[in-house]
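A, B, C, D, E, F, G, H, I, J, K and L label the chains in the order they appear, each numbered from 1.
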Amino acid sequence: MDERILVLNGPNLNLLGRREPEVYGRETLADIRRRVEARAQALGCQVAFEQRNGEGELVDLIQGLAEGWHGLVLNPGAYAHYSLAIRDAIRSVGVPTVEVHLSNVYAREPFRHRSVIAPVAVGVIAGLGPIGYELALEALLARIRG
Amino acid sequence: MDERILVLNGPNLNLLGRREPEVYGRETLADIRRRVEARAQALGCQVAFEQRNGEGELVDLIQGLAEGWHGLVLNPGAYAHYSLAIRDAIRSVGVPTVEVHLSNVYAREPFRHRSVIAPVAVGVIAGLGPIGYELALEALLARIRG
Amino acid sequence: MDERILVLNGPNLNLLGRREPEVYGRETLADIRRRVEARAQALGCQVAFEQRNGEGELVDLIQGLAEGWHGLVLNPGAYAHYSLAIRDAIRSVGVPTVEVHLSNVYAREPFRHRSVIAPVAVGVIAGLGPIGYELALEALLARIRG
Amino acid sequence: MDERILVLNGPNLNLLGRREPEVYGRETLADIRRRVEARAQALGCQVAFEQRNGEGELVDLIQGLAEGWHGLVLNPGAYAHYSLAIRDAIRSVGVPTVEVHLSNVYAREPFRHRSVIAPVAVGVIAGLGPIGYELALEALLARIRG
Amino acid sequence: MDERILVLNGPNLNLLGRREPEVYGRETLADIRRRVEARAQALGCQVAFEQRNGEGELVDLIQGLAEGWHGLVLNPGAYAHYSLAIRDAIRSVGVPTVEVHLSNVYAREPFRHRSVIAPVAVGVIAGLGPIGYELALEALLARIRG
Amino acid sequence: MDERILVLNGPNLNLLGRREPEVYGRETLADIRRRVEARAQALGCQVAFEQRNGEGELVDLIQGLAEGWHGLVLNPGAYAHYSLAIRDAIRSVGVPTVEVHLSNVYAREPFRHRSVIAPVAVGVIAGLGPIGYELALEALLARIRG
Amino acid sequence: MDERILVLNGPNLNLLGRREPEVYGRETLADIRRRVEARAQALGCQVAFEQRNGEGELVDLIQGLAEGWHGLVLNPGAYAHYSLAIRDAIRSVGVPTVEVHLSNVYAREPFRHRSVIAPVAVGVIAGLGPIGYELALEALLARIRG
Amino acid sequence: MDERILVLNGPNLNLLGRREPEVYGRETLADIRRRVEARAQALGCQVAFEQRNGEGELVDLIQGLAEGWHGLVLNPGAYAHYSLAIRDAIRSVGVPTVEVHLSNVYAREPFRHRSVIAPVAVGVIAGLGPIGYELALEALLARIRG
Amino acid sequence: MDERILVLNGPNLNLLGRREPEVYGRETLADIRRRVEARAQALGCQVAFEQRNGEGELVDLIQGLAEGWHGLVLNPGAYAHYSLAIRDAIRSVGVPTVEVHLSNVYAREPFRHRSVIAPVAVGVIAGLGPIGYELALEALLARIRG
Amino acid sequence: MDERILVLNGPNLNLLGRREPEVYGRETLADIRRRVEARAQALGCQVAFEQRNGEGELVDLIQGLAEGWHGLVLNPGAYAHYSLAIRDAIRSVGVPTVEVHLSNVYAREPFRHRSVIAPVAVGVIAGLGPIGYELALEALLARIRG
Amino acid sequence: MDERILVLNGPNLNLLGRREPEVYGRETLADIRRRVEARAQALGCQVAFEQRNGEGELVDLIQGLAEGWHGLVLNPGAYAHYSLAIRDAIRSVGVPTVEVHLSNVYAREPFRHRSVIAPVAVGVIAGLGPIGYELALEALLARIRG
Amino acid sequence: MDERILVLNGPNLNLLGRREPEVYGRETLADIRRRVEARAQALGCQVAFEQRNGEGELVDLIQGLAEGWHGLVLNPGAYAHYSLAIRDAIRSVGVPTVEVHLSNVYAREPFRHRSVIAPVAVGVIAGLGPIGYELALEALLARIRG
């Protein structure tokens, strides 16, 4: 009932809604936060919502999950495609993780087709826009509770 | 309120729940159908639920969407990795499609990391198990209604 | 004077003219059939004109050419890029084959640049639109009669 | 003593003996069936012998093995090189399978050097001609009985 | 009615008919010229017919098309596989181009399977022998007039 | 007349002039700053000049350009070859960017031949030494003013 | 009736049965020798049975086949994957050869999927365990007598 | 003060300004010549300005630099991507060379990302339009005088 | 006698001993620090021992070695496989470096087989567990003193 | 206390110290033997020290470890990069092995970056010169005793 | 006795002896001509000796061999690595050809390791310096006379 | 006048003249020995002529060249394509080496196009048949004496 979930966003996601709306849509990260918090309330769990541009800072936050957190919803942004440090952090803390991408990365440049993080995640949601965060939260809870 | 969505399953998904439960889980395809129908009712849309082993038959069913259907939730099974015929069918009928995989294909054999269908889909949900179908339905409706 | 030629169309070509006209043009498959039949009459040969979505069904039809047919004009659609079964069928029956594509496959996605069927065909016509079928028929007859 | 084994042949194998004898030899599929049935009698097991051109139909037949069959001798023809659907079907039903090829696929075109089915089979026999079916049957029985 | 089309031949095509007839056939380039001129007369257009061994000279001739020409039938010979300068010339003058190859390049050495020119052409005709030039002319006119 | 341009330097460029002068020359980053400021004055624009070792910090600075800056001269150092986060930041803020490298990266190790940033930049200047910064500034202004 | 066949084993096969039984089974090379000799007697041929660790020694033994031998059953062990010297020896002496592997090499590390010897062999038997040697002998005789 | 610099342009650059202005801009080669000559005068050096479509002619001109020239500004056009003959000519005469491209080749087709000439040049300027020629001249002089 | 050596650890190594002990063993980073300090004392040198998750911070620390340090023992963690910024920092400061990995990276995922740092290091020690740090220290001193 | 360790050297290592000292240093193999024996005495174990040029002979010696030996320090020389036979021998006897290279193979030709032996070794020491043998011995003992 | 042999040199070979002597030696092309003529006289054949920078001109000269020439010694320079037009010319005229390179191309940049001309030549001599021309002449005559 | 040259032949060359004469010609190795000895006498040098099938034995013989030999003519047979041990032996003893192949390896299977030995040889002669040995001897002497 009171699972603690971190919703973590990687580089450039703080610019959401203001830049390249044809790719990422018009909702801001604050809008997404509100969506996620509303859904969390409906689902009966707690969420923290963070964004960082630095790889090392994202690793720090993920390592912190070892202290009593139950799950991670991660939009790694561009780090999805090369940050083995984030991959290792997720595997090290062993907290179930769902990777989310707002856009359909498989329909964009070839370097976006491959995520080094996906193999250590529970699963991936891509291309569904802001609702993808909500669905990731629901799936994560289903798994934790299940 | 009365969108018509096809939930379509590819080869070997009729064996779900009875074979390789460590990979695909213990729910049968009938169980998933019930989940999907329940969620469809809650969301206020109509769903048809089908499974085929043949590539040509899947193409036939997808072509049929041109007659008054609003969306496709597709678990293409192994065809995800090579069926350009299914890819072309989806693009031809132009109906928004969400690709679903029960298992985390990115954590399995390398040939499963690449979907030839994903680039013509709206998005992809992978690794979240049976609830993935429900989430795909919800995301698809959000997009159609949105 | 009375050669029997099969003009065979692969998956999704039944949708021609109605979908993606910017890629495949506005003529329907029925329009193309009329073109081909008119040209056949002018050239003094018989044609049968078929379309199938299923790989196995296409193999069945090609195998049937062993019974008294003289040539094959084949638009394999997406199967051009992976159907080794169709390739083997063509080689097995040994009937001269011209591969036709409506669009210029070499100017589209990289996976469309390679045909597994072309190496066992007499030759290839791509990108010339519906008249490509007529030209294939003329070339095939020139070769058979030649 | 009364194991039930399916000997299943893929696309174009119905043309055996009549076409390309320099590659596939002069025995027809009926000849091979007689060989296999004779050897089955000598070895004390039952065999069913089938051929299909369609990938989906082959998947259907393999799925049927779950109902009381003990083994599969499969000549997948060209599907060996790309049918992940057949691969998944074999793995799903979990029946021991020996893959057979009449010709030495490793001495032919590069695309024939790789079988996507071999990794889920017990083993492979290639290049030994029609006797390869008999040997596959013997090996399969040795394993089942062993 | 009086379209002006250039039929341009690349390196070594001046040796046609005298060398390697098993690959390129027994017609000389002069024979092909006669074919093309006859067909041009039948179709009601003007053709010029040229051959050059030098890449720079071929670029020069293609650039000249900007002065009142309507189309190009190009057999680039070996330059098809690497002359990006010819590719850029075609794109620069913007005249519709059909690429022709006498032999089925897709059934020969791997380096002949890829044309750097095809992506900027309207389409490609390969493997149909000398009649391929006539068909290219007809297709080009159909497109120009169409 | 009063465009604001950021000249931003990536990892290890603070060591310029003291280390590996045979590769990077003998000018220090302070020397380059003076050059750039002199040229900026001559050209009539304002420049800020920064250096950071951290990828996240570089992303932060680039994001800041959205607040009233007109252009970016970026020497990304080694991040040129893998920082998709910096690439996304540049594309997100949409400020015209010229990528500069002191050494001729195309004459060094293969991994230095490819920049993931170049495709989202206006252009690239490489191998011209410290004057490259000045030229980048001039080109950027010409484009902004032009 | 009195064909002379060499059954030759490559490196590390002398350790069979004592090491890694989960991969190679529990029979020793002496056990396999007995199997092979029994089957040879049943089939009416003579066999010699050898094992060597050295590539040059295997080449020497294969060269010796030119003196009155009729066939070779070869388990090349790890040399299958790189010994072009053994490949050339087999082709040079021109004696029909069947390649045998105890384990299913196609289900193991990628480097074991490719045999440089298979293209010069009659055929390959892999994954069937010790009975594979017997079947190879039978197939080889069928071909020699054939 | 009186350095002699050759500014040399490769194939299709004579069409500048008239064709594909969205890629190459609206200035003609004559406009660029005027720019370059003006900048040369300002910088106090002599320039010759040439364009050739033929690879051999470009090699001839580059070889001529051995006779008393001090530098080369080269826009090799499409030859940048494959002319090893031009590369060898530059290395042979040993005259410092700056490679210029009008468009940002790194943002275009993959084959334009790689220059075989860049490794033997001093450096590269790409994507900056006509001013790129001026900047190349300035950088070359700085290096020669420097 | 009083060489100053930095022992530097990259991302996630602060979790050592608590997570994934089957891969990384049960010693914590503090345990390893004690080992290293004891060995340093025995060998007669000074060591500093640090860990950072951030790439930029690791670059900062390595740059600091220019101020009077004699060597670097570096466990770059996941950055080994992509941090060209760390590679450049090591080469820039020119301090002899030994790369250490606790686990045998060559027996793990393919992306761990390649280190971009190894080419600029003196050498590599991998797979030997915590004693690897001690041995690296000894080897580094032997080289510095040698 | 009385572990028996084999220190085994592959091809061309008998030439150490006399040839290419800039790559391999000035110590001879006899010098290294003395180092290793001294360290063995200090560590309280027995060592045998061998060198062979032949792959088969190296396999023979490794197989012999099954008779009462506790560990292997192996410098496989060039065989590191292709001898799958040595790899299989090590895995077969199951004796813990440390691979040693005198030079930093990762800083040399690309073919030296990959060892087919490393994946079956405990670990690797490369680039540390002769002391690398001593450290390998110490690490191996620590593991055996540990 | 009076065979006519063309010794043909490709681009940049006219600069021999004056440029890059560490790669190509100090003999000029005139020196090599004298060598070749002296050896021709000793061997009793006639030689013509030519050099061209243009690919088309080299093709022209090779085509001319059809008129009564017996052999070609060709140093294609950089064209060796990409001129499929020269390759086709050699195959078309069918005159035996020996390819010569002064330097050891296999010890230089990777792009020089592959010749597209070698597969249609009788053979290749590389790295032996000017005497390579003489040896090529001798070998060619031995073959023609042989 | 009395240089000592070793002419060394690799695996399967002892079969020359008896096997595959369409590839390797009809001369035996003894015939070639006589040719080489005659040419050696004419050139005024001593030759030893050897053949071995084993890689280790070839390495042994090459190492022996350090004792007063002046050059090596090596036909490595199939080892050319993978024996890094032979490559290292040649580089270690530092004796000038010419690599010879009887057949044109560049016109055969792709794996024969690459020699790992060529980069450490003076040069290569391929495809010229037995006279290739004589020419290699002459070139080697010219270099040694030159």
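Everything below uses one rule, namely that contacts are C-beta pairs under 8 Å (C-beta built on N, C-alpha and C of every residue); 3 or more make two chains touch, one makes a residue touch a chain.
Note that this is a predicted model, so its numbers are computed, not measured.
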Shared chain contacts [chain B and chain L, defined touch]: none
Steps needed, at minimum, to go from chain B to chain G via contacts: 2
Proportion of interface numbers common to chain H and chain K (over half same, under half different): different
Chain pair with the higher count of C-beta pairs in contact (B-C, F-H): F-H
For chain E paired with chain G, centre-to-centre distance based on mean C-alpha positions, whole Å: 54
Rounded Å distance, chain H centre to chain I centre (Cα mean): 47
Gap in Å, rounded to a whole number, between the CA centres of chain J and chain G: 31
Sequence positions of chain J contacting 2 or more other chains: 54-57, 82
Every chain pair in contact, whichever chains are involved: A-B, A-F, A-I, B-C, B-D, C-D, C-E, D-G, E-H, E-K, F-H, F-I, G-J, G-L, H-K, I-J, J-L, K-L
Interfacial residue positions of chain E with respect to chain C in the complex: 98, 104, 106-107, 113-115, 118-129, 131-132, 135, 138-139, 142-143
For the chain E and chain H complex, residues of the former touching the latter: 54-57, 59-60, 63, 66, 82-85, 87-89, 91-94, 116
Residues on chain A engaged by chain F in the complex (per definition of touch): 10-12, 14-15, 18-20, 52-57, 77-79, 81-82, 111
